[in-house]
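What follows is a pair of complexes built around subunit A, which joins subunit B in one and subunit C in the other.
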Partner chain A sequence: MEGLLAYTVRRLLWAPVILFIVSFFAFSITRLGPVDTVDVLAGPRADEEAKERVRQELNLDKPIYQQYGIYMTNLIRHHDFGESQTIYRGTDVWDIIWPRILVSMQPGIVALVIAFSLGTAVGVFAALRQGTWMDPVAISSFLFFQSIPVLVSLPFLVLIFVVKLGWLPAIGWGGPEIDVGPQEVSLGIFSRHIILPALVLSLPGVAGVARLVRATTLAVLGEDYVRTARAKGLPELEVVGRHVLRNALLPLVTVIGLSLTTLLEGAFFVELILGIPGIGQLGFQAAQSRDYDVILALVLIVATAFIIANIITDVAYTFIDPRIRFGAQQGQ
Partner chain B sequence: MTNAQATADLPSEDTSTMRPAAGPWQIAMRRLLRKRLAVAALVLIAFFYFVGLFAPLLAPSDFRDQNLEETLSGPSWDHPFGTDRLGRDQLSRVIWSARTTTIVTIATVLTGSLILSVGLGMLSGYLGGKVDTVIMRAGEAFGSLPALPMLILINATMRDRVKGWVDNLEGWLSTDQPLFYVIFGVLALIGVAALAAWLLAGSGGRSGAWLALAVTSAGAILALWGVQAVFAMPGASDYFLIFGALSLFFWVGGARVIRSQVLALRETEYVLAARSMGAGTWRIIVSHLLPNVSPIIIVGVSASLGAIAGSEIALTFLGVGVHDPTPSFGALIFDASSQPVIRNHPHLLIAPAIVVGLLIFGFNLLGDALNDVLTPKAR
Partner chain C sequence: MNRAVLVILGIMAALVVAVGVLVIIVVSSGDDGETQSGSPNDNGGDSSRTQLRLRGPEPITLDPHIIQDASSALYVVEIFGGLLTLDTNLEIQPDLAVEIPTIENGGKVVNPDGTVTYTFTLREDALFHDRKPVLASTVKFSFERAADPNTRSLVAEFFLGDIIGVTEKLRGEATEVSGIRVVDDKTIEITIDRDLPSFLFKLTYPTAFVVDPSQVDSDDNWTRQPNGTGPYKLKNWRFGERIELEANARYHLGAPIIETVRYELLGSSITLYEAGELDVAGIALDDLERIQDPADPLNAEYRSGSRLSMDYLGFNTNTEPFDDPLVRRAFAMAIDKEQIARAVFQDAIPVANSIVMPGLAAYSEQVQAPLFDPEQARQLLADSSYGGPEGLPEITLAESGTGATAGAGTSAILEMWRQNLDVEVEIQQAESATFFQDVDQGRYQMFTLGWIMDYPDEEDILNIHFDSESPNNNTFYSNPEVDALLREALTEPDSARRIELYQQAEQLILDDVPWFPLFFDRFHALVKPYVNNYLIPPAIVPRLRFISFSSE
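Presenting the complex of A and B:
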C-alpha cells in the first residue's frame, strides 16, 4: 500500500503548486497584459487625477507579487473575486458567475450521461460483434461526429430542427426557476431547450468512449473467468453484464477528465449560438467588453475544477482497480 | 515488408545488380498511398493549402471590397456563395480565410509542434535530471489546464500590447529601413564567407562547422525575409498573438511522446557506441536520435494540425482571434450562425461550415492513417 499512498500524497502535494503557477500566470496576464486597464475602468473622459485614484484603488501601483498577494488573500479569506468593471459594473463577480455555472452544468451533465451510456452500449455491441461488418460501422459512424467541430454541426442542426422543421424552440433558455441567492436560475433541463445542447455536446464524445469500451471489453472477453462463466452455462446476458462489463468499465474513469475538457470547450459555442446564459456566454461577453476580472475569475474557477478533477481521476483509478492495488501490495 | 527487409539484409557487394532497397520512408509512403481515404484527405488538404497560399491570385475580389447595393444576396454567377451584410463576396472571403488558416497552422506547427515540442522533448529525454524535471513539470502545468479559457484570457488581455510590439518590430524590420538591408548584408556576408572557408579549406581540413554556419545564415536570411513579409500583412499582430498562444499549449503532448521515445533510444547500443567514440551531445541528438523520432514527429504534427486549425477558428468565433476585416472561418461562421441570418440567409453558413467540416475531418483522417503507417505498434 505504501507505493500507492506515496503516489496519492505526491499528487495531492503537487496540486497546490500547479494551482499557484496557474493563478499567478493568469493574474499577471490580466494585470500586466492590457495597456488600457485604467482607461477602461476610469471611463473615457477621466482626467489624470481620477486615473491615479483608480490605480490606487486597484493597487495597480504596487509590484505584481503584492497585487497577487492581496487578490489571493481576499479570495481565500472572503471568497471575494472582486467586482465586475464593465458588463455589470459594480456587481460582485461571484454573484455573476455562480448562477451561470448552474446553468452551464445542466447541458453538461446530460451530455456526459448520454455520451457515456451511448458510448458504452456502442462499444460493447462492437466488441461482441468483432469481425463482422457491424463492428467497424458502429464505431466509425460515431467517429464522424467526433471529427465535426461543434461550431460547424450546431448551426446546421439549428437550421434543420429550429428553422426548417420548427420542432425545437428557437433560442434562449427556459423551464422552471429556482432561487439561488443573487438571482433566479432556470432549470432548462426540464424543458425542450436542453435537447439541442445536450445532443451537440454528447455526440462528439461517444466515439472516444465507444473505442475505449470496445478495446477493454475485447481484452476481458479473452479472460479465463469469462470462459469459465460461459462453460458453466450462464446466459450470455449475465456473462456480459456481471463478468465482462464490471471489469471492462473501470478504465472509463480515466476519460471523464478528458470529456470534461471537450464539454467545457463545446459549451462556449453552444451557449453563444443558442443564447444560453451560462459561463461560456459570460466568457465571451467579458472578453468583448474587456471585463478582465470576470475573465480572470472564470479561468481560475475552471482551472481549479480541472486540476481537482484530474487528480481525483488519477487517484480514484489507482484505488478502484484492484489489480493496481494488490499489485502494489505484493510489491512490498 | 519481408521482401524489403531481405533486400536490406543482403551484403552490399551485390547491390549493383538489383533494385535499390526501399527505405523505411518509401515503404511508409507506399502504405499510405494504398489507403484510399487517406489519399483523398491528402488531396483535399493539399488543395486547401494551395488555395490558402495563392489566395491573392485566386480570389475574384479583395476581402475588403464592399458593394452596399448588393448586400446579403443569394448565390449567383457573379457571387457563387452570395454576399454578406456588407456586400462582400463570400467566395473571396472563404478563399482569404483559407489563407488565415494556412498561416496560423504553419506558424504554430513550426514553433509549437516542431521547435518547442521536439527541442524540449529531446532535451528532456536525453539530458534527464533537473532539466527533465523542469520541462516535464511545466508541461504538466500547461497540460492540466483547459486550453480554450486560457487562450481567451491571453488573447483578450494581451492584444493591444502585442499589437504595439508587432508595430514596433515592423518598423525595425520593414524594407523601408536601411537597418533591414544592413542586417541582410551582414548575414549574407557571413554566409558567403563561411561557404568560402569551407570550400577553400581543402579536403583534409574541411570542418562541418563552416558549412553549418553557412547554412544557418542562409536560413536566417530566409526567415528574416519571411517574417518581414508576414509583418507587412494587415492583421499581422493577430496572427502572432494566436500562434504564440497556441504554441504555448500545443507543445506538451508532442514533447511527452518524444521524451519517452528518446529515453528508450538513449540506452540503445548504437547511441552508446557513438558516445564511446567521443560524439558530443549535439551530434548524438542530430544524427542518431532525430532520425529515429522523426516518424513520431510527423504523426504528432499531423494529429495536431486539426486541433490547431480548429482552435484558431474557435478563437475567432469567440471574438478573440483574427479581427475584422481580416477574414477567418470563425468570423464567417459567427456572422452566419446568428438566428436571424440562419433563418433568412442560410447560404452564408453553408460554404464556410462545409469547408471547415471537410478540412478538420481530412486532418483527422490523415492523422489516423499516418499513425497506422508510421507507428510500429499499429502495424
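Presenting the complex of A and C:
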C-alpha cells in the first residue's frame, strides 16, 4: 500500500498548482472586463477624483500580476479573502460566504442522499427483474427525469406544487436557526423549504446511479459466491442484502465525487428561481456587480471542492479495484 | 421483437399518462387556486398585529456616508437622521436641529465675502438609540468622517462639497473641515462658499447624517448593529433573507406606531402578498393589467403614487446623425407616447412632456417637448443635413438589459420610427454596469434611461444634465444660452425669479431635444385594508413611523 500513499501525496501536491492556475485565470478575467468595481459603485453623482482615490486604495490602478500577488499574499498569509465592495460594501468576504455555503449544502446533501438511495433501489430492482418488462420501465422512467434540464422542470414543479396546489411555500428559505458567527443560518433541511430544491436536484441523478447499480449488481449476481449462497438455501433477501449489495455498491463511492458537479450546476438555477440564499445566488449577484473579491473567493472555494472530490474519487478507485493502479510501475 | 415493442409502447403510455395527470392538475385547480389565494390568511384580522411585513430590496451597506443607491437609502433614512429631513410632501423639516435656519430667524447670514453661514441649534432631546445625546461635536465628527478619504465616499463631494474645506479634507490636504465650527455643545455653524438655495436640500441626504463616533471608531462591523438617531433601529439583518426594524420609542419627532417592521429581501412580492405573507407589495407593470381589472379581488387593494423620476430617450449630440438638432426633433416627433402608454402600459404611467416633473416648483404645462406629428417629423428629416431617411447612417438604440428581446416600450418606439420616418433602427442591449459606463463615455448614438431625483430641486435634474461643463451631461449637449440661464438660476435667491429662469432654460433644452422625455414614473402597490396611512411619497423619505393597523 506504499504505492497508494505515494500516489495520494502526488495528487495532493498537484492541487495547489491547479488552484494557482484556476485562481490566476479567474482573477484575470474579472480584472480585464470593461467595467470595474468602482464604476459599478460610482453612480451618476460620483466625483471623478474620488473614484481615482478609491481605485488606488483598492490597488485597481496597479498591473494585474501585482494585484494578483497582493491578493494571494493576503489570502495565504492572513487567510483574508478580502472585502466585498459592491454587494455588501465593507463586509469581510468570508463572513458573507460561510453562511451561504451552509445553506447551499443542505439541498445538496439531501439531494445526494435521495439520488443514491432511490437510484440503488431502482438499480437492484431492475437487475433482479432482468429480462422482464419491469427492468427497462424502471430505468427508463428515471431517464425521463434525467433528460429534462433543471431550468425546465423547476418552473413546472413550482407551478404545480406552489401556485396551483399551494402545498409548498412560494419561495425563500426558513426553518430552525443556528448561529454560525457572522449571522444565523436557517436549517431549511427541517422545513418544507427543502422539498422542491432537493427534489429537483436529485431526480436527474437517479437514473445514472440506477444504471450503475444495475450493471454492478448483474455482475455480482453471476459470481460463484452468490450461487453458493443461494445453493446454501439462504433466503433471497439475505442473499441480496449480505452478498450482492455489499459488493455491488462499492463502485458507487466513485460517482459521489462526480455528482458534485451536477449539484453545483443545478444549485445556481435552483437558488435563483426559488430564492434560496446560497452560494449560487451570491455568485450571480457578485458577477453582476463586479464584486471581485467575492467572485474570486467563490471560484477558489468551488475549485478546491472539485479538486478534493476528484482526488477522493481517484484514490477510492484504487482502493476498490486493485486492477486500477497508480501508474505503470506497479503493473506486472 | 413483439415484446420490445410492447415495452416501448408501455413506457410511452406511462409517460403520456403522467404528463396528462400533471396537466389536469394544473388546469383543473386553476379556478380554485385563484379564488382561494389570499383569502384564507387574510381573515387573521386580529387587533394584536404588531409587525408590518414588507418586501424590500437588499441594501449594499447601512453606512449613511457611503450609500448612493435607493435600496440602501430606504433603510438608512429610517435608522439614521441628520440636522434636517424631508417630510412625506418633500418639504424640508428640522430633524436634529430645532428649526430651519433662515435669514429671518437669524440662522442664515450672508457674509461680506459672499460666503454663507448657517447656524443650527440642536434639540435637547435628540438622542442616539443607545440614549447618548447628539452634540455639536458629534455632528462635526460625522461631516468630517463623510469627507474623510478613508471613508471612501464617492458622493461626499457632490452633497457636501459646498461646505468650505470639504474638498481639501477629501483630498487629504486637511485634517479638519474648516467650514464647520462647534460653537457650544448644542450649536454648530456651517459655512458654504456661496449662496446656494439647494444647499439645505443636500443636508437631508444620508451623506449628511449623524453617526455615533464611539461606535464607528471602535467596531469594524458597526453597520450590522448601527446606533443611529432615526425612528427605527436595526434589529436584525440577515444577508439575502430579511431585515427587521424595531421602533425607537423615544424618537424625538414622535414615536412610531408599529413596533416592528420586517422586510423580506427575496421572492416575488405579489406571490408573497397573495399568500398572505406581506401586508404591502410593490407591483410590476406586468401584473398591473390584472389588478386594474375591477373584477379582480385585488383591485380594491391597489394604490399608486407618483415618483420624482422619469424615463427619457437620450441623443448623443456628438455623433451622427444626432449632431443635427433637426434629426433629433424628427425622431422625437415620430413617437406617439399616448399610444404607447395606452397599448403597452395600460395607462398606468403618465406620459412626460417635460423634463421637470410635477411636484417640482418649476413644473409647468406650458413648458413642452415637441408633440407627436408624423407629417412634420418626415419634413424635418428631409430638411436636415442628412436629406431624409436614405441619407442616414446606421442607427442603434441602446438600452440596459440582458434579455434577447427589447423592452415592450422600446419595441413600440422602433415600430413608430419605421412607420412614420421609414427608418430602421437596431436595438442593442448591454448589462447594466457596462451600459452605464458606455453611456457616460458617449459610445452610443442614442439610449433609453431613467433619472431618479435625490432631492426635489430643479438643480438635481437640469444643471446636472444640461450644463455643458457638468460631468453628468450624458448627451454632450452644449448651448451657451442654456448654460447662462442654469448658472444664474442655481444661485438666484428669489424663488419666483428662479422658477422663471429654470422654465426658460427647460424650454430651450426641450426645443433642442438632447433628451426626449417619455414617461414619469409611478409606484404601484397593493396594500391590505387593515394597513392605515401607508403613504407613497415621491422620493425616499422616512415614513414608516406614521403607519398603523386598524383593528377590524
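Here is the rule we go by: the second predicted complex is superposed on the first by the 290 of 332 C-alpha atoms of A that agree within 3 Å, B and C clash if a C-alpha of one lies under 4 Å from a C-alpha of the other, contacts with A are read in each partner's own complex, and residues count from 1 in each chain.
What we mean here is this: a contact is a pair of C-beta atoms (placed from the backbone, for glycine too) under 8 Å apart; a residue touches a chain by one contact, two chains touch by 3 or more.
Nothing here was measured: the structure is a model prediction, and the numbers come from that model.
Within the superposed three-chain model, A:21 lies in touch with subunit B and out of touch with subunit C [touch as defined at top]. Of the two partner chains, subunit C is the only one that A:166 touches; subunit B does not reach it. Contacts of A:191 after superposition on the shared chain: neither subunit B nor subunit C is touched.
Once the two complexes are laid over each other on the shared chain, residue contacts for A:292 go to subunit B alone; subunit C is not touched.
Applying the stated contact rule after C-alpha superposition, one finds that A:268 touches subunit B and leaves subunit C untouched.
Of the two partner chains placed by the overlay, only subunit B lies in contact with A:149; subunit C stays clear of it.
In the superposed model, A:35 makes contact with both subunit B and subunit C. Across the superposed pair, subunit B and subunit C both touch subunit A at residues 34-35, 144, 156, 159, 163, 170-171, 275, 288, 290.
Across the complex, subunit A meets subunit B through its residues 14, 18, 21-22, 26, 29-30, 33-36, 144, 146-149, 151-156, 158-159, 162-163, 170-171, 261, 264-265, 268-269, 272-273, 275, 283-284, 286-288, 290, 292, 295-296, 298-299, 302-303, 306-307, 310. Chain contact summary for the complex, subunit B toward subunit A: residues 140-141, 144-150, 152-158, 160-161, 164, 306, 310, 313-314, 317-320, 330, 333, 336-337, 339, 342-343, 346, 349, 353, 356-357, 360-361, 364-365. Listed in rising order, the residues of subunit A touching subunit C in the complex are 34-35, 38-51, 53-54, 57, 86-91, 96, 99-100, 133, 136-137, 140-141, 144, 156, 159-160, 163-166, 169-173, 183-184, 186, 275, 277, 281-282, 288-290. The touching residues of subunit C, counted against subunit A in their complex, run 3, 6-7, 10-11, 14-15, 22, 25-26, 29-30, 33, 36-37, 58, 60-61, 63, 66, 68-69, 149, 152-159, 161, 170-171, 221, 223, 237-241, 264, 266-268, 271-272, 275, 277, 431-434, 436-437, 454, 464, 471-472.
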